[in-house]
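Each of the next two complexes has chain A plus one more chain, namely chain B in the first and chain C in the second.
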Partner chain A sequence: MFLSYPFIVFLTVLIFLYYVLPKRCQWFLLLVAGFAFYAAADIRYPPFLMATAFTVYGAALWIGRCSQKTAAYRKGPHKEGEAPSRQEKKAFRRKMEKKKKRILLLCLFLNIGILAFVKYTNFVIDNVNTVLEHTGRQELSYIDFIVPLGISFYTFQAVGYLFDVYWEKCEIQKNFLRFTLFVSFFPQLVQGPISRYSHLSQTLYGKHSFDGKNIRSGLERILYGCFKKLVIADRMGAGLHVLAEDPGHYTGGFVFVGMIFYAVQLYADFTGGIDITIGIAEMFGIQVEENFIRPYFSKNIAEYWRRWHISMGTWFRDYMFYPCSISRPVKKIAVFCKKHFGMGAARRVPVYTATMLVWLVTGLWHGARWYFVVWGLANGVILLISEELTPLYQRFHQRFPGLGGSVCYRAFQVFRTILLMSCLRLFDIYGSVRTTLRQFVHMFTQFGSHPVTGEELAGLGLSRADYVILGAGVLVLVLVSLGGRGGSVRETIRRQPYAVRYTVYVSLFFAVLLFGVYGQGYDVRQFIYNQF
Partner chain B sequence: MNEKEIRQGVLTVLQELHEDIDYEEEEALVDDRILDSFDLVTLVTELGEEFDVEITAKDFIPENFNSAGRLTQLVLRLLDEG
Partner chain C sequence: MMDIIKKAKKPAAGVISVGVFLVLFLGIQRLVVPKYADGLPEGNFTAEYYDETTDHDVILIGDCEVYENIDPICLWSEYGITSYIRGNAQQLAWQSYYMLEDTLRFETPRVVIYNVQALVHDRPQKEEYNRMTLDGMQWSPVKWKAIQASLCEEEDFLDYIFPVLRYHNRITGLQKEDFTYFHKRKKVTHNGYYMRIDVLPVSKSDVADISWLPGGEKEPAGENPGGQEDPYDIDDPWGEIEEAHADEPELQSDTITDKKRRETFGRLPMEYLDRIRRLCEEKGIRLILMKAPSLAPRWYESDNRQVVEYAERYDLPYINFYDLLEETGLDYEKDTYDGGLHMNLSGADKLTKYLGKVLAEDYHMPDHRKDPRYASIYRQKEKFYQDMITVQQAELERFGEIRSY
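Take a look at the complex of A and B:
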C-alpha cells in the first residue's frame, strides 16, 4: 500500500494539512487519515478496528477505575472511626483484583476471539475435513471470512496496552478518539512495529511544528526502505518464486540458493517496510521504535530473536513468556520438580514450558498453517538445545580461551546463526512441512547431482544484470549494517560535505528509480509481513 | 520479620542462584544481564516459598529485581499488602 502513487499523493496532502491546520487538530487529522487509509484497502476493515478500539478502551477505563478505588480505599481519607482495618483493606483489594481479572479476561476473550475466529476457523475446518475424509463422512464447508489487514498487529498492540493498564504500568487514555488513534496510527497499522502505549503516546498526541529536519530525515529513511524493498527484495522475490514453485526441479544446491535468497528477501522486505513506517512517522514528528538491530550479526539464535522483529519478541516476552513462567500452576510444578528432581529441573521446567508455549503461539501468529506451527516449535526446540549446550560451550572456551574473541570465531558464529535461521525458513519458502523436509534432505543428498550453474540461475528469471544489482544491493546492506554499529549511518552521512551528502541521496534515489523492480504492468509485491 | 531479616533471606536466595556474584554491590542485576530469565523465574518461586508472598506479573519489572535492596523492598511491600 505504501508503494503506490495514490499513497504518495495521500501522504503529501496529509503532511501539508498537518502543518497548516492548527496544532491541536494534528492528532485528529491522523485519526481520520488512518481510517481513510484503512477503508481504502477495504471498506469492511474499519468496523473490526473500531470493535477492538472500543472494547479495549472500555475495559481499560473499567480496570483503571477498580485500581483507583483500591488506592482510595487504602489511603483514605476516611471519617474518624470509619477507617478500614488491615484485614478489610486486604479483602477489598482482593475483591477489586478479581473484578479486574474478570474484565481483562472478558476483553481478551473478545479480541483474541475475533482474531482467532477470522484467522483460524478455516484452518480448523481444514483439519476437521482431513479427519472426515478418512472416515468417509461429509466434509464441512469453508467460510469466506474477511481477514482485516494487519489484524494481528493492531490486536496485539491494543492487548498490550490493556495488560499494561491491568498491571498499572502505563497511564490510561481517557479520550476514546485519542485511544483509537493509538490503535489505528496508519504508518504502522498493517505491518507493525507493535508499539507500546507508554512510548508511542509521548509523541503521538504532541503539537508538532514544521521542522525541515524531520521531513528530510523521514524522506531519507523512506528512500532507503524503498531501495531495500524495490531494488533488492522484489528482485530476489521474483527469482525465489520460480524456485519455490518447482521444488522437484530446483533441488539439491538450489535449496541452498533458495535459503540464501529468502534470507536476503525477507530481511530487505521487512526492514524496508519498517524503514518506510518509521520514516513516515518521522515526517509527522512522531517516533516509532526500531524493530531491528542488525539481526544477521547475531552470535546465536537467542540473540537473533532479540534483534529481529523486536516489538513482537518483547511483546511475547512481557505478555506471555514471563506471566506464564511465574503463573501459579507453573510455580507449583517448579516446586514439585525441586522436591522430586532437584534444582536443575525446577529451574528448567517453568522457562522451557513458557518457551515452547510462546513459540507455538508465535508460529500460529504468523499464519494458520501447520508449517508455521512446526517452524515456531522448531525455533523453541533449537533455543532449548542451545541453552542445554551452554555448559559445553563454556568448557570449550575454557579449554581454548583465546578463540572466543577472535574475528574468525565471531564470523563462524554469525554464519552459523544465519544458516540455522535460513534452514528454518525453508518452511516458509515451500509452504508445506512434507516438501520442506524432503527439500532439506535433498539439499545434502542431491547437492552434487543438481549443480547450480549459471544457466540454471538464469532460468530463475534473473539476468546477469539482476545478479550484479543484487550483489551491489546486498553489499550496501552489509556496509550500512556495519556502519550502524558505531552510531547512526544517517548522522554520519549528514556530517559529510554537501557534495558527498547529496551524491549519496541522489545515487540512492536514482538506484530506486532505475533499478527498482517495477514498470508498466508490474504490480509491486505486497510486503511479506502485511499478510500477518 | 524486619527489613534486616528479609534482606538476609533475599541474599541467601540470591546466593543459591549464583555464589560468585557480589550481591551487596550489584545494582543492575537485570539491566546488565547478570541474572538471566532462568534466574529471574527461579527467584520468583524461591522468594515466594521463602517469604510466603506472591510476585505477580505486575511486579515483574527490571527495577524490582536489579539489586538485593530492591528485592528486599519488593518483599516488604508484598508482605505489607498481604
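Take a look at the complex of A and C:
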C-alpha cells in the first residue's frame, strides 16, 4: 500500500494538514488518517481493529482501577476511620490481583481469540479434514474469512500494552481515541514494528512544529527503504518465484541459489518496509523503534534473533518467555526435575520449555501452515543445541585463545549464521515441509548433477542487467551495513559537504526511479511481512 | 558585502540544486522515452504536426486507414489542396475527437475527413497504441482529457505526466536511436502520411481474405451472426508493432480481437462521432466520413449500414472505398504492401486522386499551387517525399525489403 501513487498523494496531503492545523488536533488527524488508510485497504477491516482497541482499552482501565484501589486501601484509613490491618491489606491486594488476572485473561482470550479465529480456523479444519479423509468421513467445509491487514501486529501491540498495564510498567491511557491511535498508527499497521506504549506514546501524542530536518530525514529513510524494496527485493523476487515454482527442475545448486536469493530478498523487503515506516513516522515528528540492527553480521543464531525483527523478539521474550519460565506449572516441573535428575536439569527445564513454546508460537504467528510450525521449532532446537554446546565452545576458545578475536574466525561465524538461517528459510521458499526437506538433501546430493550455469540463471527471468543491478544493490546494502558499525551512516552523510550529500541522495533517487521494479507491467509485490 | 554573499549562498545553492535535479530528471526522462525512429516510426506521427508552418484546407483523422491510404503530397501535387493527416495506429474514436480538438487550437480547416473503422471499438484497447497516439501530443487541457478518455485499466495518468515512470525499465536496454534522437526527432511522415513503396500482393499473403468484397464470393447474409467466429482472428495487423515491443512487458492481453463481435457500434464511439460532428458544425467545417478499402479488419455490412444511416441522418457525405474499387482502379495485387491491410504508395495515390477529385469538384477546394505562401514549403515537402522514395527503392533493391521506415 505504501508503494502506490494514491498513497503518495495521501501522505503529502496529510503532512500538509498535520502542520497547518492546530497542534492539539495533530494526534486526532493521525487517528482519522489511520482509519481512512485502513478502510481504503478494505472497508471491513476497521471493525476488527476497533474491537481490539475497545476491549484492550476497557480492560486496561479496569485493571488500572484495581491497582488504584489496592494502593488506596494500602494507604488507608478507610471510610470507617480505622486503618486496615496488615492481613486485611494483604487479603485485599490478593483479591484485587485475582480480579486483575481475570480481566487480563478475559481480554487476552477475546483478542487472541479473534486473531486465532480468523487466522487459524481454516488451518484447523484442514488438519481435521486430513484425519476425516483417512477415516472416510465427510469433510468439513472451509470458512471464507477476511484476515484484516496487520492483525497480528496490532493485536500484539495492544496486548503488550495490556501486559504493561497489568504489571504497572506504563501509564494508562484514559482517552479512548488516543489509545485507538496507538493501536492504529497507520505507518506501522502494515508490517510493524510492534511498538511499546511507553516508547511510542512519548512522541505520538506530542505537539509537533514543522521542522524541515524531520521531513528531510524521513524522506531519506523512505528513499533508502524504496531502494531496498523496489531495486533489490522485487527484482530478486521475480527470479526466486521461478525457482520456487519448479523445485523438480531447480534442484542441486539451485537450492543454494534460492537460499541466497531469499536471504537477500527477505532482508531487503522487510528492512525496506520498516525504513519506509520509520521514515513516514519521522516526517510527523514521531519516533518508531528500530526493528533491525545489521542482523546478517550476527555471530550466532541467538544474536541474530536479537537483531532481526527486534520488536517481535522482545515481545515474545517479555510477554511470553519470562512469564512462561516462571509460571507455576513450569516451576513444578523444575522441582520435579531437581528431585529426580539434579540441578542441571532443573535449571534447564524452565528455560527450554519456555524456549520451545515461544518458538512454536513464533512459527504459528508467521502463518497457519505446518512448515511455519516446523520452522519455528527448528529455530528453537538450534538455539538449545547452541546453548548446550556453549561450554564446548568455551573450552575450544580457552585452548586457542587467539582464534576467537581473529577476523577470519568472526567472518566464519557470520557466514555460518547466515547459512544456517538461510537453510531454515527454505521452508518459507518452498512452502511445504516435505519439499523443503527433499530440496535440502538435494542441495548436497545433486549439487553437481544440475550445475548453475549462466544460461540457467538467465532462465530465471533475470537478464544480465538485472544481475548487475542486483549485485550493485547488494554491495550498497553491505557497505551501508558495514558503515553502520561505527555509528549512523545517515549522520556520517549529514556531516559531509552539501555537494556530497546532494550527490548521494540524488543518486539514490535516480537509482530507485530507473532501476526500481514498479509501474505498468510489473506486479509490485506486497511486502512479505504483510501476510503475517 | 560578505554578509550578503553569505546570506545569498543558501538560496543560491537551493536554486542550483533544484535546477540540476530538474535537468537530470528531464534528461533521463528524455533518454528512456521511446524515440519511435527506426523500429517503430508510428509513435512519431502526433508530434510531427506541431512542426507545420502552414494551415491546411483538409484534416484527416482516424487510424492507420488514413495515414497509410491517403497521401497529402499527392493531393497537393495533383490538386493543390493542402491537407494533413492526424492519424495514429489504432486511433480510437475519442482519440480522433481530441486530435481534432487539438488541431483546432491551431487552425480551422474547411473539411475534416473521418475514417470510420475505429467505430467498432467501444473501449480502450492497448496501452502501446495509447502511448503512440498521446505521448507526442502537446500538453494542453485537450491532452489531459484525451488521456483520461483513453486510459486502459492498468494504466495510470501519472505515467503520462512523467513518462519516466512508465519507461524507466528501458534504461537497461537503450539502443543507438535513443542517443541519436535524444535532441531531435526523425521526420517520418509526409503531412501525416506514412509512405511504403513495397508490394505484397493479397494472393501471396495469408492475412486477409478478398472473397467478401463486392464481386467476391460473399459469406451467407454477410451480417455476421452473433455467434460466428470472429474474422478478426484471421490476422493481427498490429503484429509487427507488438513484435517491436517484444522487449517491453506485456501489458494487456485483450486486444482488437474481441471474441464476441457486436452487431451495433458501442455507445462510446458513437458519442464521440457525435462530438466530432457537432464540433465541425460549431466551427463551420464540412465533415466527411470515409472508409478505406483495407481487407482486414473486415468491414461488415452491418457496420457499413450503421455509418450509412448516420450519414443520411445528419446529411454527411460518406465515401466508402470498398464500393469504389472500379473508380479508383485499386489492385490488391499491386497496391498494397502487406497483403491488403494497408495501401502502398501506388494504392494510396489511387485513393488520393479520387478523393482529391471529389474535394475539388464537390467542395471547391482552392488550388494553392501558385500561392507563394505554400509553394516553397511544399517544394521542400515534395523533395523530402522524393528522397524517401529513392531511399526506399534503394533499400528494396539492396535488401529486398524496406528497413529504415
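Rule of thumb we're sticking to: the second predicted complex is superposed on the first by the 527 of 532 C-alpha atoms of A that agree within 3 Å, B and C clash if a C-alpha of one lies under 4 Å from a C-alpha of the other, contacts with A are read in each partner's own complex, and residues count from 1 in each chain.
Convention: contacts are C-beta pairs under 8 Å (C-beta built on N, C-alpha and C of every residue); 3 or more make two chains touch, one makes a residue touch a chain.
Predicted model, so just to flag it, every value in this text is computed and none were measured.
In this superposed model built on chain A, chain B and chain C occupy separate space and fit side by side.
Contacts of A:W167 after superposition on the shared chain: chain B is touched, whereas chain C is not. Once the two structures are superposed, chain B and chain C can be ranked by residues of chain A touched, with B on top. After overlaying the two complexes on the shared chain, residue contacts for A:D126 are found with neither chain B nor chain C. When the shared chain is aligned, chain B comes close enough to touch A:P323, but chain C does not. Of the two partner chains, neither chain B nor chain C is touched by A:E303. Of the two partner chains placed by the overlay, only chain C lies in contact with A:A465; chain B stays clear of it.
When the shared chain is aligned, chain B comes close enough to touch A:A346, but chain C does not. Panel annotation: after superposition on the shared chain A, the angle at the CA centre of chain A between chain B and chain C (CA centres) reads 170 degrees, nearest 10. Chain B and chain C never share a C-alpha pair closer than 46 Å once the two structures are laid over each other. When the two complexes are laid over each other on chain A, chain A has no residue in contact with both chain B and chain C.
Of all residues in chain C, those touching chain A in their complex are 13, 17, 20-21, 24, 28, 32, 127, 154-156, 158-159, 164-166, 168-169, 171-173, 248-251. The part of chain B that touches chain A in the complex is made up of residues 16, 37-38, 40-42, 44-45, 48-49, 54-58, 60-61, 81-82.
Partner chain C is touched in their complex by these residues of chain A: 5, 463, 465-466, 469, 498, 502, 506, 510, 513-522. Chain A contributes residues 86, 90, 93, 163, 166-169, 321-323, 325-326, 328, 331, 334-335, 338, 343, 346-348, 350-351, 354 to its touches with chain B in the complex.
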